[in-house]
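The following pair of complexes shares a single chain, chain A, combined with chain B in the former and chain C in the latter.
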Partner chain A sequence: MAGGAAAALARALIEVGISNVVTSKTWKTLLKGMVLPALLIGAWQILSGLGPRYAYAFVPLDTLFSSLVELIQSGELWVHIAASLGTALKSLAIGGGIGVLLGTAMAVARPIDIAVSPLYHALRQVPTLGLIPLIGLWFGNSEFSKILVVSLATFEVMTLNTYEGLRSVERKYFEVGQVLTFNRAQIFWRILLPVALPSMLTGLMHAVSFAWLATVGVELLFTVGPGLSVIMERAQMAERMDTVILCISIIGLLGLCMNQLCVLLARRLLRWRNAVD
Partner chain B sequence: MSPGVDSAMGAAVPTLTRLVRIPLLPRLVRLLPLLVLLVVWKAVTDAHWYPPELLVPPSEVWAALLELIETGELQNHLQVSLHRLGIGMALGCGFGVLFGVVMALSRTVETYTAPLFHVIRQVPSIALIPVLILIFGIGETFKILIVIKAAFFPVALATYTAVQGIPRPFFEVARVYQLPRAVLFRRIVLPATIPPIITGVRLALGRSWGTLVAAELLAAEAGIGQMMEFARQMFRIDVVMVGVLITGLIGFGFDRSFKWLEARLLRWRVR
Partner chain C sequence: MNIRSFIQPQSLRQSGGAGLSIRAVDKVYRIEGKSLPVLQNIDLDVRPGEFISIVGPSGCGKSTLLRLVLGLDQDYRGDIILDGERIRGTSLDRGIVFQDHRLFPWMTVQQNVELALLNRKLPADRKRELVASHIELVNLKGFEQAYPHQLSGGMAQRAAIARALVNEPKVLLLDEPLGALDALTRVHLQNELQRIWLRHRGTVIMVTHDVEEAVFLSDRVIIMSANPGTIARLVPVPLPHPRDRSAPVLRRLKEEILSELTQEPFDENVLEHRDRQQPPAPRSRFVW
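The block that comes next holds the complex of A and B.
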């Protein structure tokens, strides 16, 4: 069990090392990257043994491990993970979908741009989580409020990136389209979309991390229904430091995995670009 | 702005008139949708479709704003929030710049710290609130630490990229001119790195502001977030809306001033 988790963690670390810090990909570098985390874990274990005051903040590793086993065996963990991921993904689909549609509409139709963009930019100025009291008053402590806030967070990023991606298409590409006598649909699918794709994928990457952040935020602030942050909040009230630490680690790991999935998706969808370079 | 999209999608319209028309759009036209929103809002409240606990007319929000200013309540909350933001940003950016420079200059530091750095960077700042509350209580420390966490990572990353991105030829030119180190630093390193760092600080400021407001919603005795949360519990929707408005205006103000700073610092760049 622990071996599997450690291996998964190592793989995640390696992935991040490769994708974000493109340096030499040798095992030696990767091992060096593991030194600091290992030292920190060692220091953690030593500090936890210094007395009950230290053990409160630095929960001994074996306690952490047994509470992890307990969480998994009670089956509770999966329910909460599924709930949190569900909120994030549902909102990503709703908010991201509307964002792509609105961004496209604003980029190709000037009247829509003029009518909508001031409202959009006004909304964008407010930090999404700052809207929680207002949305809470309007829609109550409900599942709907949670989805609405997280959807707003993803909607804002996707709209902007779709819009900017589509607007960044250079004139010369349209001229090529004219030479090839493309009709409007062809111009959109064969010229606009491929050029806008990198910006949209960047948007997706940000949208995923914002969706996750907002999910954690709404679960902490609207304490309704299951969710990882809900157990974390409950554990905080009960002063169960071990559960809180486990929840943070799981939230971090899941965020990391989603980020890596996006990186892989972007790489796959943008293969053609690297081939041209 | 690319006029190409319009000309292609709006087929018949000649590109030139589009090009001329866009900059000539009067600023008032851009404000029009917001005015329409205000009018619709007023009309909806006048029609009494929704109970006043849920939707108050714009005039009442305005009155609430004036009242909060007159009693000095708003200023107090803002002062508390901005104080937390200021301290947290100063520390977070300071450490961020330091760490970014060291990580960019030393290969060793980079190999040893980068994986951990990128993993912790991915943990949403808000997720740290419960653990910080458990350790430090619901006082000032946890809010400032949250701001530091939210500010540190974007700034460190921006600094790292900026320092790594100084083109090598710059240093070669400096060597040819035999520039002293101080001059090299002041005339080459600083102008090349400050603008991207400012961009990082701008991002960090936006995120820290959002995170701080969320932290204040959860646990605070004062601050703009606490003002909104308390108003929500009292069903004072007008005060909540003032809070949303002010939070947005402050975020907007920060973003604009840093964008202006970026543009100003990049004036020397040949376009």
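The block that comes next holds the complex of A and C.
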């Protein structure tokens, strides 16, 4: 009952907001993006009121809200969020960094390309999940294993996108560099890299998404240390459906935020493109 | 203060250009095991400060010749001598304006022009001055911060001309610079080219399909024939600059050159022009 009122209030606020506060285009876009989630939440709330069995699966909003408050107040939530984000970002830096370096090396020096390519493509076709038992056996149930697995996921996509980006430079720009007597370093930094940047940023977006997914997955399997999946699993054992749903929402929300940051970064760095945007 | 410094701002020195000699140049493309003679026995002397045009049918090797003079291609027999020195590789002494402007899309007009000065040892404010004066020279003042995709074809080509000229090269090469533009812009830019060239009076070699353009701008027109590419005839245009487009002499010369060009037997086996311009990439350890 209280949950239904809260949903109605929220919807009313949104309508008021639309008519009064909203003038700029970004706000309008943001709110349009929130319509579908709001509708889903509304439908959820309706389903949860249909009976006790429904209420088990579709936990009513007020229960979710009180569980959230409980989690925040116990101080646990931040520890776990920080741990998951930490793993993801650390692995992104390591795997992404190595990926960019290897991709660059392969694009720039043909001997390295010939030597490394077959092994790289073979490794790429093995799902990272399939390597988990091997890594578990070698390095045990540790923080290191978690970071290794997630780094592998990000490394693969960044290498490929960096490589393809650098190789996609058109001959004509390269010739301009030659005419202007550029040396190899200048050709790399001033021609190859800018041309590769769009591809690399796409790779970054994929890498962020893979890193986050892999983090959540790997935390379920290597259960050492805090993490959002740890809360989820504990809640699953205690049959706390509300906490599970909360965790899933938080994971989704954090993933969305990271994705949007990448999009903003790409938009800033790629202003010069005449893209259909 | 004499009259010359009044007409010409200090930043645009009258370079006067340099003399170019092309001696007995032969070039052969090897495609699929067969050798294709592209240029044969090219002998040409370009005087300092002269504007010459090269016209000829597709596939006669005129763009290839430009690439040899530029130093992009060093696989040929014969000598190309600039100012008494044999050329080897590219140099800031020789600039080029390509048919597709080839401005870097990720840089503004100003940054593109500035890029040409990257390997010049000049103080920063001198570079800024040169860039500004050349952007003004091509009438693009106010568009310094525009990106290439925001410019029209004519404007982008003008920016490319500024980029080629900012180094004050001894020889300026133009590879069908106005070929990608519509007819009206082409006429306008031909006038601009004449105006710009009269300012710095360097040596210019232009390759073009447009005989009228060649005759309007140049001191001499070189007619090349294809298969293999050789120089068929040298046609002087003995008219002072700046020229009037409607002068009867120009019309007569244009018709003379056109009739010479159209009398050439048209060989269907001549490779597509563009294919000729893409020699197989050299094998090297480094991709670039």
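By definition in this document, the second predicted complex is superposed on the first by the 234 of 277 C-alpha atoms of A that agree within 3 Å, B and C clash if a C-alpha of one lies under 4 Å from a C-alpha of the other, contacts with A are read in each partner's own complex, and residues count from 1 in each chain.
The rule is simple: a contact is a pair of C-beta atoms (placed from the backbone, for glycine too) under 8 Å apart; a residue touches a chain by one contact, two chains touch by 3 or more.
No experiment lies behind these values; they were computed from the predicted model shown.
Q: Touching A:111, do we find chain B (first), chain C (second), both, or neither?
A: Second partner only, chain C.
Q: Should A:259 be classified as contacting the first partner (chain B), the second (chain C), both, or neither?
A: Once the two structures are laid over each other on A, A:259 reaches chain B alone.
Q: With the two structures laid over each other on chain A, which partner does A:138 touch: chain B (first), chain C (second), both, or neither?
A: first
Q: Applying the touch criterion given at the start, work out whether A:129 contacts chain B, chain C, both or neither, answering first, second, both or neither.
A: Touch partner of A:129: chain B, not chain C.
Q: Applying the touch criterion given at the start, work out whether A:229 contacts chain B, chain C, both or neither, answering first, second, both or neither.
A: A:229: touches chain B, not chain C.
Q: Scan A:220 for contacts with chain B and chain C and give back first, second, both or neither.
A: After superposition on chain A, A:220 lies in contact with chain B alone.
Q: Going by the contact rule set out at the top, does A:119 touch chain B (first), chain C (second), both, or neither?
A: After superposition on chain A, A:119 lies in contact with chain B alone.
Q: I'd like to know which partner A:42 touches here: chain B for first, chain C for second, both or neither.
A: Neither partner.
Q: So in the superposed three-chain picture, is A:187 touching just chain B, just chain C, both, or none of them (first/second/both/neither)?
A: It touches chain B and chain C both.
Q: Count the residues of chain A touched by chain B and by chain C, then name the partner with the higher count.
A: B
Q: Which parts of chain A are in contact with chain B and also with chain C?
A: Common interface on chain A, chain B vs chain C: 107-110, 167, 173-174, 184, 187-188, 192.
Q: Of all residues in chain A, which touch chain B in the complex?
A: That would be residues 12-14, 16-17, 20-21, 23, 29-30, 32-37, 40, 57, 107-110, 114-116, 118-119, 122, 125-134, 136-138, 166-171, 173-174, 177, 184, 187-188, 192, 209, 212-213, 216-217, 220-221, 229, 232-233, 235-236, 239, 241, 244-245, 247-248, 251-252, 255-256, 259 of chain A.
Q: What does chain C use to touch chain A in their complex?
A: 70, 72, 90-92, 94-96, 98, 100, 102, 104-107, 115-116, 118-119, 147, 149-150, 285-288
Q: Across the complex, what residues on chain A touch chain C?
A: The contact residues of chain A facing chain C are 107-111, 167, 172-176, 178-182, 184, 186-188, 190-192, 194-195, 197, 271-274.
Q: Can you list the residues on chain B that touch chain A in the complex?
A: Against chain A, chain B makes touches at 1-11, 25, 29-34, 37, 53-54, 110-116, 118-120, 122-131, 133-135, 206, 209-211, 213-214, 217-218, 225, 228-229, 231-232, 235, 237, 240-241, 243-244, 247-249, 251-252, 255.
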